[in-house]
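Paired with chain B in one complex and with chain C in the other, chain A is shared by the two complexes that follow.
Here is the complex of A and B:
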């Protein structure tokens, strides 16, 4: 048993964190105690030794204290030309003074909304970190888009993280969208700390009938971050949910994305990109659960790995017995630039219905020598030629971002990294 | 043991009250598993001391292990302590001629096109059939031994070639490998041993059929194939006719060793009793099969057609250790009614320029569950490794399932690994097209399934392929319409 799993450390963490939702927290605590921190024996965390990593990097396993973010810091981290609204968070605590009021959207603290069924979408018994968050999350935000509201401008969730006192940050987000609503979220995190910290975030998205929800996440906080993120959504009839997840840096990042398709004629899309260098370890676990007929899911994850980095991909598609006429596609492609980089991928299909079209593909390889030679023969330097080819490989993922300023920001970040070949 | 067998046994033992029934009892190990049972088996088989020690060590290892739970199969717990671990061939309750054999079985033989002598042998009948086999076996044995090939039962090999057995036993599948491999190492009853010396190309397909003493070797078989440098052999296991085996658990181990430039082709057609249409009974087939391409430029190819067994848990694998070695896996797994199959392969690339190819075709019908579980691992040293995997699933009926669990682990930047999988059902338009041309729905399904599985069936030796094709059609009979 590791030191981290010691009961007293956990008790301390539980004792010092936020109040409210006593029953929910108790259920989370119980679920966590049943599961415990994952070991390398647990199938879901087989390739991601996150418990060991936390033990090595996190000395003070206590909640990080709230702190004040300045307006300059906020302005410096908004993308050029960004025209949408901004909600600012410091260590998971909402900072209303720095945030915009969004027309037609209700934003309030979770503590003011004791009636919502936290943990009903992201169930604590499915993942130990989800349970840990439910037992001891701090702050937390409630965002509700009313029925038929078409929120054209995106909402930027700007998170600032800084380890002070403790090194554990556990934000919690609850998003609701009424029937026929449309909304776009951009999740961007900024590191203000020199000390390593552990973020354990849970986002629950409750969509209504015929909603259009887009959730983009850019992960580029540098080397001090150990992060587990659980995003889970229920997709109702005629609705569409799109996720784009771009991971550019971090010590160890684990993204759990779960789509529960509960209404027919709906669609779930998951797109991802990871560019890894140094010793970065990124693990993307996605899970689509088709429970009803006539739905579609698309998945495309691409990765470029250099140095000693490690990329893990696990895509699960469940097609339940009643989910006839399902179309599910999944693709994971990787390019390895170094012999010390490792890819572990597991595209998994579990199909219980017969009238379906499901396919998955998975490739791992390297840049085509001939294409590289072609470019070099035309006077393009090797570094630049590689950058071009890598961008040709990865660029597709960014095309799924609808907001122009954010897309351009992501492209610039990606091109910058690819230009120097990571 | 089923009630039928009990009754049969009672009847036959009455008839021969003073004869062999005493012997018969002596040829069965006491029920249960303990060190004593293992000593009993070892003594019965007059094994050397080292083998007994090896068995006991395996038993100790096994005691510390727990039953694996990760496979996507569900079955009631197997009471290992209530099994018999050694049973000599049941001489007494064999039918005396074909008229006494279950007509249902005979019908299946007929439709599979198995000739009369073979039918008799399968049922263990009649003097002439055995005589036939003996003559056949000895002819082949003569040819083989001229070339220096050793092909005999495992017990025989232990007695006659102990140095070879000692060297290679457990070298590919160590006793610590998994729960069932450890159990097999402790209690294995018999099996086949095959040794091809350096530079020899085995002139014929080696098959258990030609080895008369292989019949009824029991539920814990052990097969060891050693192909020295520059040799070649093709080995056929199993049999296309249904085996009405009463054993609940079948835990075999197959080990293949291939030296430099050697090639081994291993084909299986497995058609154990799959249980009744209601899912009662049937064999639990938990098999560990692994080959090592130890030398450079060696090749191991697995081909399997899995149609039987209530539960199958089987992953024929290749360790590609030698540079430029090749591993291949071709599989058709058919499940119908309440059958469950969790099968696939592991390709471990260790040497440079190693290549592997996986073609897996799953067909699920009725209320069955069919899983492909595979791993492709490219180690750091394996420069220019190449893998292509394709796993397709065909679904028939809306109460069956098809699952894919591929693990792909790459540690070398020069690796080229591709994996693709599709799941679909037989199109109504395809069936309609056939119906319109006067082909009945059942025949049309057989036609389409055979086309779908062709890529794998083509890898089988000719006679086997013909029978396998018919077997596919038989297994799926009644699953459509």
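Here is the complex of A and C:
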């Protein structure tokens, strides 16, 4: 086990178990004890010294207590023109009084769903933080979309975070969608305190055959958040899963996104954008596992990095021997705006099948000076010209967001940042 | 309108312009010709404010303002327009949004009201006819996938939209077929008024059959070594540049 985080801290973390799921939690604890906190020697966390960051920033490893969110706070954080449903969470605990009742969708506390096989999709052996969450998550929510249900309006998962005495928040989400179901989630988080906190979240998505599931996530909680997010889904036959992840701020953020392609003729899409400034560190690790033939995966992550920020991209694509006729595409492109910004990008393709189309590429460059001069020579101010060019670079990712109000909100946030020189 | 005095400029320490003197008055068309590497495009770039070039000596006054003090965008807002030799493709920036931003920033600088969408589109339609540019092109990303001729026409279209006082056409003719050349030249000629001026930078005399200059200057080794009228261009067409080089070089040895 790692000696980086003191033993007593670990005891405290692992002792803070919520109720129920004793066996699941025990398995999580065991998996965590085998792996320990990642060190700088851990291959998967080589560029992201998250353990050190947690040690430096978190003094009290007790769970942040649930608290009361006001209706005003909820309303103030819903996007203009948003017409979907809203589920509100305070430090990971569901707040039903402020949440919509969604027609045709079951929303329950995880504690009421003891038969759910937590950890069967996001397996605790694969990532220490996933294991840690499984051992000691608090609250937790179960969302179920029945077979053939077409949920037209998106579901906004609105998370309020506020470090109280404790600074650790470990939310857990289980989403399941029956065969042929269609649903869109938007995950948005708001920080209400100025005390640093550590969020360690796990989302498992269990989709049936021919489902259409979209999961969008916006991270813009400011400088006090250290976050590890594990999102994992099993994609069955004829289904499509699309993730869009937009990271705009944070102290240190690690996103693990894993798509297990288990049924033929299915599709997994991973799109991401990170606009980083100050000392923000964002690490996107994605993993798509093609195990069956005739499937497709598309991946596009774009980054703009200013100041001393750091971006990490690691995109794994596995194409197993049985996964013939796979089409897998991956692209990661970055623009560095300062000499001190750093990006580490690593495409990682492992292909055992012999009849596949796979491509990957990564680029890291600077703003095109020639294009900048061209715009200036037409009377456009330098700052605005930069903003136009950077938006042109990043805008493509936003096109994958289908909900108009959320897309426009994201575009406004991004343009606001780009116009202000990041 | 434009007065260039003893202009020296270099790039990465290498001098390119070595004392240019040029006076351009309102209503005039000046052609700047010269062999490859003589500094023609550098002159155009320095006037537009390209940062790679360092002005080491001399002055440039435009409508009484010291042009060299202005940023590229302020030069454009004051009425200087450079038609690029190689217009830049900018994926993701729509031609229409770009132009509207440009036109309105220029108007704002001049204390004029911004054009609303309707007025802007009306202006755009009117100017599109001038260079026979297709609406479809303008709904695409700026210059992206445009042919060489389309890019050059787009330059003149932008010039029409921005209505500059001084237009500098940097080798706008190179690579154009005769039809495109005629369209581009027609556009330029129609935009000509008694209040604006044009500097045509070209390697070939052919363009000057269409855009008839009042003055022709020959640039060689970073200096204007000969000036004349349009007949000088014809003489260059016939005899090439060597006789000018010989003339200059022999003077230098005397």
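Brief remarks on what is shown
Everything below uses one rule, namely that the second predicted complex is superposed on the first by the 418 of 422 C-alpha atoms of A that agree within 3 Å, B and C clash if a C-alpha of one lies under 4 Å from a C-alpha of the other, contacts with A are read in each partner's own complex, and residues count from 1 in each chain.
Operating definition for what follows: contacts are C-beta pairs under 8 Å (C-beta built on N, C-alpha and C of every residue); 3 or more make two chains touch, one makes a residue touch a chain.
As the structure is a computational prediction, the values presented were derived from the model and not from experiment.
When the two structures are aligned on the shared chain, A:380 is found in touch with chain C, with no touch to chain B. The partner that reaches more residues of chain A, of the two candidates chain B and chain C, is B. Contacts of A:49 after superposition on the shared chain: neither chain B nor chain C is touched. When the two complexes are overlaid on their common chain A, residue A:389 makes contact with chain C while staying clear of chain B.
Applying the stated contact rule after C-alpha superposition, one finds that A:337 touches chain B and leaves chain C untouched. In the superposed pair of complexes, A:346 makes contact with chain B only, with no contact to chain C. Of the two partner chains placed around the shared chain by superposition, neither chain B nor chain C is touched by A:62.
Within the superposed three-chain model, A:107 lies out of touch with both chain B and chain C [touch as defined at top]. Taken together, the two structures place no residue of chain A in contact with chain B in one case and with chain C in the other. Interface residues of chain C facing chain A in the complex, by the touch rule stated above, are 48-51, 71-73, 75-77, 81-82, 84, 87-88, 90-93, 98-99, 101-103, 105-106, 109, 141, 158, 162.
For chain A in complex with chain C, the residues that touch the partner chain are 368-371, 373-382, 384-385, 388-389, 391-393, 395-396.
Across the complex, chain A is touched by residues 70, 380, 393, 395-425 of chain B. Residue ranges on chain A touching chain B, taken from their complex, read 43, 47, 321, 324, 334, 336-366.
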